[in-house]
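Got a structure here, written out as structure tokens. Questions coming.
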Amino acid sequence: MRVGVLTGGGDCPGLNAVIRGAVRKGTQEYGYDFVGFRDGWRGPLEGNTVPLDITAVRGILPRGGTILGSSRTNPFTEEDGVRRIKDNLAKYEVEALIAIGGEDTLGVATRLSGEHDVPCVGVPKTIDNDLSATDYTFGFDTAVGVATEAIDRLHTTAESHMRVLVVEVMGRHAGWIALHSGLAGGANVILIPEQRFDIGEVCGWIESRFKVRYAPIVVVAEGAMPKDGQMVLKDDSTDSFGHVRLSGVGEWLAKEIESRTGKEARTTVLGHTQRGGTPSAFDRWLATRFGLHAIDAVHDGDFGKMVALRGTDIVRVPIAEATAKLKTVDPALYAEAGVFFG
Amino acid sequence: MRVGVLTGGGDCPGLNAVIRGAVRKGTQEYGYDFVGFRDGWRGPLEGNTVPLDITAVRGILPRGGTILGSSRTNPFTEEDGVRRIKDNLAKYEVEALIAIGGEDTLGVATRLSGEHDVPCVGVPKTIDNDLSATDYTFGFDTAVGVATEAIDRLHTTAESHMRVLVVEVMGRHAGWIALHSGLAGGANVILIPEQRFDIGEVCGWIESRFKVRYAPIVVVAEGAMPKDGQMVLKDDSTDSFGHVRLSGVGEWLAKEIESRTGKEARTTVLGHTQRGGTPSAFDRWLATRFGLHAIDAVHDGDFGKMVALRGTDIVRVPIAEATAKLKTVDPALYAEAGVFFG
Amino acid sequence: MRVGVLTGGGDCPGLNAVIRGAVRKGTQEYGYDFVGFRDGWRGPLEGNTVPLDITAVRGILPRGGTILGSSRTNPFTEEDGVRRIKDNLAKYEVEALIAIGGEDTLGVATRLSGEHDVPCVGVPKTIDNDLSATDYTFGFDTAVGVATEAIDRLHTTAESHMRVLVVEVMGRHAGWIALHSGLAGGANVILIPEQRFDIGEVCGWIESRFKVRYAPIVVVAEGAMPKDGQMVLKDDSTDSFGHVRLSGVGEWLAKEIESRTGKEARTTVLGHTQRGGTPSAFDRWLATRFGLHAIDAVHDGDFGKMVALRGTDIVRVPIAEATAKLKTVDPALYAEAGVFFG
Amino acid sequence: MRVGVLTGGGDCPGLNAVIRGAVRKGTQEYGYDFVGFRDGWRGPLEGNTVPLDITAVRGILPRGGTILGSSRTNPFTEEDGVRRIKDNLAKYEVEALIAIGGEDTLGVATRLSGEHDVPCVGVPKTIDNDLSATDYTFGFDTAVGVATEAIDRLHTTAESHMRVLVVEVMGRHAGWIALHSGLAGGANVILIPEQRFDIGEVCGWIESRFKVRYAPIVVVAEGAMPKDGQMVLKDDSTDSFGHVRLSGVGEWLAKEIESRTGKEARTTVLGHTQRGGTPSAFDRWLATRFGLHAIDAVHDGDFGKMVALRGTDIVRVPIAEATAKLKTVDPALYAEAGVFFG
């Protein structure tokens, strides 16, 4: 039997480890062979493939990114998308698909499985860790590690100049990276998308920190927002492409803090460094196990399912259920971190 | 109310993060004050204390080791131990104790709580991750990270010289560090204490690896043993202090592999580097949360309990139950890794 | 004899190592005692001091930043600045000063030594490595290391999405960080302040890179500029505070590359993470030796001099000479890197 | 013109960067093509080659080890060695050789160039940094970095248990790694092969360190030796293979320190982790430049020469001269570090 593998959406450390795990076990234990589809759903849509065997996956475990390439292509928005995919799967004699990706990629897998008899197994991937039904997604631990190391470095600069340093981390809809790296890095303020912040309260925490002669670090998720009416975006407050990423809430915060507290404030936007490079040991372990269990699901003919982490176990859940709602930071969990604010 | 804190057993990255979490929350939210007992149970036994307040815990989050010092002192083997501890707690007006440690340290806490009305809350600490009732203990992720980085480095040396490299990692009774770092580092053989290995089979895996022109990495837990009769320790096979650590199973393996396969083999014993230094982001997050929840348990008067990680939640369990049995690697989990052997 | 120590200008990994080296040797071998002046020249100006002895310098070797704090205060622009400094040195019975800083800080030291009989020894500090008379300044190697690790991480993201990634590194007037991290990170384009670049040529290199199915990384120093007339800053091309740092040449490049080549381009601005955190081993070694040799110069009464690295030797040079001209990247050295462009 | 490249001796981070630099510049600027000889001098001796072009060197810059493999084969000890090499060079139409290696590999290159008209250019490689005529060799900075990070980690364990930690680093004949990592890691004792140490003095330093309540770290080069008559190796003081590496001076020191001071002492032998893995930014920069300048030397027909670092310049020196004498640690430089002992 031949199994197709594709990776969709933004890249994430651990994708190659998933691919390797599935190919190693599928080949050695089940006697399957594999075909790689290039650039997410565009691959099966356009019949764009890469060879995928044990030789192809040698040495990729520690490598970030994905050897299959990625894209955000959605076959359901392409003319005749489903039929073209089914034709290509037939052409390449692919009898099962492993789709590794986030909400969009897995959403396509759900519909192809459920409505169009395309046998798919899903592997959840979101660096933001905001997917339901799994305790963690791979890539998240690496991103938190990169952010924490950056915060460690920024502390010394903040102390030396008695300056506020704002660190903008990833997280448009969920504050997991901000919460974990903020706690691990000893941040004095952590701001997440799940809860509108009050800029006055933030400045209060900052001033109380200076009172004990320590310089504050503010960790803010890119999707965090102040209370209504507090954020007045000047016409020129987006940069030349309207990138929010590069002139967003982090920049706005530093400006507001400077004008309200009179303290110097600087922003660092970590950006893509959070999602590239070699995966952490935890992410390699998790991604490898996801790969092993995904091919087991294929072997069991258990399609329409996604692998997930529960405690230390890998389980299977219906993809549909997993992608139904975003996993956001629970208010009680966020409140726990509050003891470190100010 | 005054709370005493102590750390016992071998040091472990994250101990300071636990202390900081408990002191920050206890002081700010519950209005407690704290006293640190030096060097584990020896502290309350001998009335040896250190000041412990918010100033004392500033900046310790990223620091490995423990600001309180540690020891393996067991008051139950000391003359009049329990009475002396109770006297010192009274003398310092300590009404509750947070004991951070492994089986031995927590075992003492259980008996003091259960049999002698000393109100104790436990925080589990074992770098080997072999304590029941918690998914993970802090320090483990850091140790796995250090071991994985070493394995990454050793791969290139192995390949350049087509040589076998044996990496001996911590784990006397449980193979968690070997299993996780071996999987994350792409080892070709992983040997754990839970299952006696067959040296012939190990050499078979090594030879099959060389057949595809790749040089093998063998990760072995210090407590792993070959099948009965296979390991013949020469009189001179322990070093000048009889340290197993420095002339143990890793050395024996390299020697056997050389003589059985004719391939050059070298051993690296990672030793103490696995347990020192700054904690990983995951361990800082886990240890900080353990500290916050330990002081909550004190606040609730919920003594004789230990904090534990279940999935992403911190829960409380009876210390006695948690220390009752060693958490070892499940055979099925170990079998999962087998696909990568050879 | 009592020696004063101060650190001026932007913080830099290794400042604490210099302080420790001078205090350890001065105390143990010469029997000096020390006083720390807080926040650069503001310290002696305002008589703001911190205790500085062997206890004060314990454990600071691996810590970034400076335990003395820093500022850009210039006594020559302050009313009565020189007299106030001389009065405070007399008040604290300070007979010699070690000034650790860049052009401005050392410029003050030169004038105080030469024109006002204040015995100063200089220690050069610039993370940009743009100070004449020394092969390297401490902090530079750390900054290059941080930038190189970021470039390593960005490669995988670039490849996975076949996207251009622009990395803006420090270097307003000299391209040393860009050149070294670009070479070490395998960048496909390196742009430095010393040579105006042609945006058309840059896009040509990028397109040739895509032709071989590889995604390009562009490393650009914050001070790099295109040829006259090529850079047209839109009204909206500065962010809400007109920070060049966050909407500077890196942002402009990504925008131009997108519009000229039709390829997706993203910018990462590394910012303050390059100058904070623990120093690299090389920087700890260099900074420690600078500290040891600075106190030797004080002992020899060799004032008005600065310590410098020549090959593997630490030498002394007149401060004036060292700060006379900026050390920029030699065109021949930049040309060497050209073989990797495109 | 076709150029052959080989790497000999122990592996070292940066070998691949040298190869890449030479191949990129040779191909693009001089129109050469290349052939890789496998496993050092064994390659040309046995006519064992690997393809070496721009595609072959893509992505190898950050990879440790050597894509060409290595060996310690010496053609002058092989029957008919020189003739066989000349025949194979003729067979593969190789008109010049770039030999990357240490004393032995370069010694062969000297004789082949000088006595047998084989046009060779040398690139110095020794992780121990003990080669004359160059300020640094690539790989050394990486090794020092790995050792320093290990020392950082061991400090916290030492402090937590008030225990002596002995770290044995590489360096059979020269103490460069011990000196640099010891200084950078804040060691309290540094022992090098160049100077016999007095075990009594070492124990004195250790005791004085404990007096101020700090736990000592001893960094010892594997080749360091105590004064005559002090080191009495018990029969059981070598391990089961008589590996000095695993039961050498580090083990002996810990034992002596325990028996003489009564303090607990532990040894960590860093071993192969020092020479594997990704090169530091400094080593990538140095190795890349060595590759670029080596191919320039070939282009200039400047054979029998070796590239070398002097300050920040790459120069050429006669190989013979460079390998004539070992570069050891100057007593004055070692004395500099003495201020930190005890």
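Note that the chains are named A, B, C and D in the order they appear, and that numbering of residues resets to 1 at the start of each chain.
Just so we're on the same page, a residue touches a chain if its C-beta (ideal position, glycine included) is under 8 Å from a C-beta of that chain, and two chains touch if they have at least 3 such contacts.
Just so we're on the same page, UniProt names per chain: A, B, C, D = Pyrophosphate--fructose 6-phosphate 1-phosphotransferase.
Model, not experiment: these values are computed from the prediction.
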Topological distance between chain A and chain D, in contact steps: 2
Labels of chains that are neighbours to chain B and to chain D: none
Interface numbering overlap (same over half, different under half) for chain A and chain B: same
Length of the line joining the C-alpha centres of chain A and chain C, rounded to whole Å: 34
Where chain C and chain D are represented by their mean Cα positions, the distance between them in whole Å: 30
For chain B paired with chain C, centre-to-centre distance based on mean C-alpha positions, whole Å: 40
Overlap residues in chain C, where contacts from two or more other chains coincide: 152
Full enumeration of touching chain pairs: A-B, A-C, B-D, C-D
Interface residues, chain C side, partner chain A - complex: 10-11, 13, 15, 63-66, 69-71, 146, 149-150, 152-157, 159-162, 165, 234-241, 243, 246-247, 251-252, 254-255, 258, 266-273, 275-277
Of chain C, residues touching chain D in the complex: 24-25, 28-29, 58, 61-62, 135-136, 141, 144-145, 147-148, 152, 180-181, 183-186, 214, 278, 280-282, 284-285, 288-289, 292, 310-312, 336, 339-340
